[in-house]
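Shared between the two complexes below is chain A, which pairs with chain B and chain C, respectively.
Then we have the complex of A and B:
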């Protein structure tokens, strides 16, 4: 055995435990879900053990489920658009701030809520948006409204909640893309007599389109897969894909249909991940 | 400063407030004295912290979460450090593909992964009569998966930024592989490992969607206890529980800030 082969074997031995763990407890389960999604539900035996596209047909032909799919897509698209509009100026600010301290501080502020977890963040928004919540108390106090508004348990509340979850991802992704665009380009724009806003729209923005697409793709798939926000902030009248997967598999035990829903989410995620990684791995400068 | 610049600064500040304020609000609300949570409060108390701990779901959920997070962190370090080492320092067949597979738990949506692992555990139970759903072990395996990508990313980054020169020098001086690892590599990547441990812990402690499918009666985690409670109640008790979680994660982040530059490496 040559030294080359020995090193390869040692390398393999070291990655094997992690690789086996992920393969056995993530990849194999995902394969199982793909298989289950092609099976047919049977009330007595749970599954018939056949191959059929019935669940996918049901998803697009049943008005209720189709509505859930389309509604989830709409909410995800809207949240993504808002995140890009709100996140871009912030990312640009962070990227162009000259003080390393300020930069670090802003990034920490951005990712801090992200790390607190979905349950805590949803709870916080519920405290703010409830009928007796902070938002209503402030608006009543300021005399903007006479009666408390119903904010919690509406699609609007879900969008607000999702934007707060997704904005950190948007800002971080855009900021790293903007970092790669040299500041000398803006100086060139300004020396040509462009206003800061004009420079922004005619020089920086066109160059960062790929970054916006990548950030948008990440946001969109995170929103499609959201669970805590639609359940807690949306309430029982807001139906989205994530909670539906849980309900079908855990509560109704319609495993084949639940699996099909999970596969649709997986497919959306895979597509978006491929889009964003191809865009981000290509170098523009 | 121009007017436009002032508007811009105000906008950035507003977004930062939008991101952080909810955390401040829920911490504030945890001290309200009123039975029904309303703004502004009529007075302040710390009684809800005691009440939260008296509720079995929260105290038991807290203990389970800590236990799972600690064990899962150890697990993901045990398998993740050797894997990162092999990928960065040794030759591994299909290196790029192996790396992608090990990072996969970060990319697969948690709700999908949870459904998949749950169905897989049930299938496993049918085949072997060994129960994994609603058990500590089942939860632990899933949470270990969650930690592996964090370990991979942070330890790999630490290995890359520290080159391999010191190891080569040690080996040319006659150190064997184990000596090189424990005496040279390990001290060099120590901060990467600590960061990996803290982030794996945070990822596990706050994990919600994956655990949703895997918990059972008397074996819930803290985030699950929180959302179960929120389905029917919204009061200072839940705000107190959320505050405890915020403080724990905040402490972990403060510690990790000493070892990684959060502003740069995130």
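Then we have the complex of A and C:
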């Protein structure tokens, strides 16, 4: 056995306990969810203990559930795009701050909303976006509108809520990648006659694509699986997958169909994340 | 001190600490109670748990969540050697479902002296009834001067865009629509037809929960809805401009109470807890605060507040108890229809 092989084996032995823990506490429950999704709901005994594709057939053949899945994907994609557009300049500004104090202050300000629960933030948005909320009161007071706008309990409200939840993740992820891009490269660009904007688009942004992919993947996954924001800000008529899974599992105790919804949600999220990152990686590397 | 003596002394101190802690623990009783949060739990603590149990050294560990979460937890734990809950507050329909799935114990009512005179219609072998109310009309008297006497008022076109419904009560609304259409609670086809008519005529606003529909009344977004009599009276007490009216078609009963999960570990304490819940004096005070009717006939409610809470003999004759087997078998389909076609 060569020294390299021995080192690999030692490494594997060190990683093995963690792998076993992950297998036991993550994969085993997931396997259980997959198994439940192949069972059939029975009001008297919860599940019949059979193997059936009934739940998946119902899911793909019912336009309502397909529409909810597509709508969830659209909301998640839109929220992710907005987070990247809004988060990039902020992350760049933090990354290029020369004052350590200012930099630390900005990072703390960015991270601060994460210290509050999603539900608390959603409640604050409800106060702001209600018919008699702060936003409408200000617009009415300024004479911008004559009648209160319906913002709360609409898809727009869900996107606003999700962006507020996801923006800190985007900024922090992008900032760490931008930190790794030396400022000297931008100076080199400018010394070749590039404008600051040209330098940004030709030098900085291509180099920060891995960070954008990582931030986008995090945002997209979190938005696809969001629960508190769609329930509290979207209201009963905005249907998204997370609340739908909860309804089936908890409200009506239909564990098999709820599990099938959860499996499809996981599969779609994973597939879309992998496909988008693969395509973008090939485009830029 | 040598190393061996030092370790020995350390172990002795640690052992004494553990024994001391155990002996202190043995002095009081401990129980894990799962309940709704918010004002429901606050009142349970204020009128029952604190004065009758915690003041005597009991340690009550509270697991606060929604009824569906609680039900799911009990079902998930039914095959474990030990569960995490000793007592669970549930609506009566959840108790039925839990019992059908073998997740709760049959209650020995002989161990609950305060439960010797419970309202028979809402007592089940596996469920200790505690409080009940009825699904009635809640309206804003500033805009609706004549108290509505029929559920049909919600369909009155003059209340277009002023009718509210709560998403979490889809079963109650479907029962109410069925009652109006057929005089019975569970004609789903008639209920669906009636609710679609409501949607078309009056464009009801859908709120998620009690708190949100109360805000809707307060902000005058809506003038009329249905809710439990108790909730309507609570809203009024909290300054929301509403009054409650009993519909001539009758009203569905909603009962809340407690069950003992099969895997509970403190069963003797659970029985003492049940007995405390039904303490006549404390339960009377609680009912005066939350406007629910007590499930025990031993509780005396008098005066103006008793008149508001309790049902007249004529109203009692029109109370309808849901068929829990029907609800358990159909709730998934009812929610699916509600999501797809009504909301």
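One rule holds in what follows: the second predicted complex is superposed on the first by the 236 of 285 C-alpha atoms of A that agree within 3 Å, B and C clash if a C-alpha of one lies under 4 Å from a C-alpha of the other, contacts with A are read in each partner's own complex, and residues count from 1 in each chain.
Keep this in mind: a contact is a pair of C-beta atoms (placed from the backbone, for glycine too) under 8 Å apart; a residue touches a chain by one contact, two chains touch by 3 or more.
What you see is a predicted model, and the numbers here were worked out from it, not measured in a lab.
Student: Given the superposition on chain A, which partner contacts more residues in chain A: chain B or chain C?
Tutor: Looking at chain A, the partner in contact with more of its residues is B.
Student: Is A:252 touching the first partner chain B, the second partner chain C, both, or neither of them?
Tutor: It touches chain C, and chain B stays clear.
Student: Between chain B and chain C, whom does A:41 touch in the aligned arrangement: first, second, both, or neither?
Tutor: After superposing on A, A:41 lies in contact with chain C but is clear of chain B.
Student: Quick one: classify A:64 as touching chain B (first), chain C (second), both or neither.
Tutor: Only chain C; A:64 stays clear of chain B.
Student: Could you say whether A:239 touches chain B, chain C, both of them, or neither, answering first, second, both or neither?
Tutor: In the superposition, A:239 contacts chain C only.
Student: Taking the superposition as given, does A:156 touch the first partner, chain B, the second, chain C, both, or neither?
Tutor: Neither chain B nor chain C is touched by A:156.
Student: Just to be sure I read the superposition right, which of the two partners does A:231 touch: chain B = first, chain C = second, or both, or neither?
Tutor: Touch status of A:231: both partners.
Student: Should A:111 be classified as contacting the first partner (chain B), the second (chain C), both, or neither?
Tutor: Only chain B is touched by A:111; chain C is not.
Student: Does chain B (first) or chain C (second) touch A:28, or do both, or does neither?
Tutor: So A:28 only meets chain B here.
Student: Identify the overlap between the chain B-contacting and the chain C-contacting residues of chain A.
Tutor: Common to the two interfaces on chain A: residues 130, 132, 231-232, 249-250.
Student: Flag every residue of chain C that touches chain A in the complex, lowest number first.
Tutor: So the residues of chain C touching chain A come out as 66, 68-69, 71-72, 75, 97, 100-101, 167, 206-208, 219, 221, 328-329, 331-332, 335, 339-340, 343.
Student: In the complex formed with chain C, which residues of chain A make contact?
Tutor: Within the complex, chain A contacts chain C at residues 41, 43-46, 64, 130-132, 231-232, 235-237, 239, 247-254, 257.
Student: Under the touch definition given earlier, write down the residues of chain A that touch chain B in their complex.
Tutor: Counting only chain A, the residues touching chain B are 4, 7-8, 10-15, 17-19, 21-23, 25-30, 32-33, 36, 86-87, 89-90, 93, 100, 103-113, 115-128, 130, 132-134, 137-138, 164, 167-168, 172, 196-197, 221, 224-225, 227-228, 231-232, 242, 245-246, 249-250, 255, 258-259, 262, 265-266, 269, 273.
Student: Can you check the complex and tell me which residues of chain B touch chain A?
Tutor: 4-5, 8, 11-12, 15-16, 18-20, 22-23, 25-26, 29, 36-40, 78-80, 82-83, 85-87, 90-93, 98, 101-102, 104-105, 107-120, 123, 141-142, 144-145, 148, 152, 177, 202, 205-209, 212-213, 222-224, 226-227, 230-231, 234, 238-239, 242, 245-246, 249-250, 253, 257, 261-264, 266
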